[in-house]
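Have a look at this one before I ask anything.
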Amino acid sequence: MDGFTFSVPIRVRFADTDAQGIAHNSAFLVWFEVARVEYLREFAGGYQALRDHGVEAIVLESFCRYRLPVRFDDELVVHTRCDGLRGARFRYEYAIVRGDETVADGRTEHACVDAVTLRPTRVPGWLADAIREAESA
Amino acid sequence: MDGFTFSVPIRVRFADTDAQGIAHNSAFLVWFEVARVEYLREFAGGYQALRDHGVEAIVLESFCRYRLPVRFDDELVVHTRCDGLRGARFRYEYAIVRGDETVADGRTEHACVDAVTLRPTRVPGWLADAIREAESA
Amino acid sequence: MDGFTFSVPIRVRFADTDAQGIAHNSAFLVWFEVARVEYLREFAGGYQALRDHGVEAIVLESFCRYRLPVRFDDELVVHTRCDGLRGARFRYEYAIVRGDETVADGRTEHACVDAVTLRPTRVPGWLADAIREAESA
Amino acid sequence: MDGFTFSVPIRVRFADTDAQGIAHNSAFLVWFEVARVEYLREFAGGYQALRDHGVEAIVLESFCRYRLPVRFDDELVVHTRCDGLRGARFRYEYAIVRGDETVADGRTEHACVDAVTLRPTRVPGWLADAIREAESA
């Protein structure tokens, strides 16, 4: 999808739905996270590589726009890209599509933190390099 | 809390936490929802009253800023207000506090829809009146 | 895996974990459900086929034995089989493995119910036939 | 409720429901957990007291029987008792009621483990004493 560097398929689980018969608004944040985890696996050795360096990436902000209802068993694709790297911070943007419809889009803001103190720490050089390389490809 | 009309207490459940030892980012959207449901119970006969009129309120957008990590068993208070009523749409704003710290804030945008077709429908007059009365009190 | 007719891969999501650093006990029930849904897709036209006939399958009982801790990003395989078809009822059994270790096993008991009244209704003949054929293969 | 020593109220959240219009089967395990946490707060200084001693309680088994459908906004009471203390292990039993109906019952089996190694460790004496006192009252 134009403007995105990576994508991951998601099948809507029955547990994701609510009594309105559609996927619950909180499920989309979990799908965003799945896309981030797979992105890091693809381009940067996986999220565990970060943790192995004593670093965690926390979520500072989440935003999601729900454009169309999503239902049980729908096959979705979560497109994502990472940008806005600066100091401890970075951002992911997302578009979730079903066939040729965009059902949701959004973004999450993140900071790297020390795994023990949870205080902000600069994005490790190897990770910043891996993200820049992925995004400029 | 200044600028908010209603609040509801939340205790962080173990199931809300993740392997970072803090509440997962998606849990905050569930807490926002609990606050909306209790707000409607307090001021407008409950969410079920809406459904009994063949109306559902869907979520169009969610935004959450995570300011401080929240941990298992923390006692939080979710403050909320409703505004931005116009046609089918309305908005909730939130601040989640722990003692005298604001740990998160955010907003959700909503539309009333027909429960069967999921098409937008004007916020029922009785509900708009109830919200306006609550917010002007 | 010996004694099972079907399997589905699951990757442990970050949202599945809790502050003990392992997957939360409730996540396993969601994985069981994913396996049931994929089983019905493989052998019986999908869960939606049931719903299209005005039938829902509800859960009467769940049992899970957690044998080994499961962690973020673990690659699991959920093995399942369906048996115990009688009247409105049927049963799924499960073993969740990671490599050559069984990390959990369990079972769920189900009943077909009328989608509107939620009252028990005989498992439809076409579904019973599809399950029997799958399990005798 | 006869045979139970403790209870906690639960309100069914919208996020707990699924597209069948009823609470999802995995939500009941979360409610069981809420009851355990509150039980330990009431009788034994809270779950955090355990963690402060370097001990975690893990779940070895869960069983739930879903007797009646539970819906959004239902007011439930989770009754619980703890028994079967032996070595590292103990058991909770539960009945979830709505008014005078039992909507679900179940049990969970647990073991105390060292928080670092996750290896079984005897239930601390102070905790065993607190549970025995609560249950014999």
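Quick notes on this one:
Letters A, B, C and D name the chains as they come in the text, with residue numbers starting at 1 for each one.
Keep this in mind: contacts are C-beta pairs under 8 Å (C-beta built on N, C-alpha and C of every residue); 3 or more make two chains touch, one makes a residue touch a chain.
Computed from a predicted model, the values in this text were never measured in an experiment.
Chains touching both chain A and chain D: B, C.
Seen from the C-alpha centroid of chain A, the farthest chain centroid is that of D.
With each centre defined as the average position of its C-alpha atoms, the distance from chain A to chain C rounds to 28 Å. Computed from the mean C-alpha positions, the centre of chain A lies at a distance of 24 Å from the centre of chain B. Centre-to-centre spacing of chain B and chain C amounts to 33 Å, using the average Cα coordinate of each chain. The residues of chain A that reach two or more other chains are 14-15, 22, 26, 30, 33, 72, listed in rising order.
By the touch rule above, chain D contacts chain B in their complex via residues 13-15, 30, 33-34, 37, 46-48, 72-73.
Chain D makes touch with chain C in their complex at residues 20, 22, 25-27, 29-30, 33, 56, 58-66, 69, 108, 118.
Taken together, the chain B residues at the contact with chain C in this complex read 14-15, 17-19, 21-22, 24, 26, 71-72.
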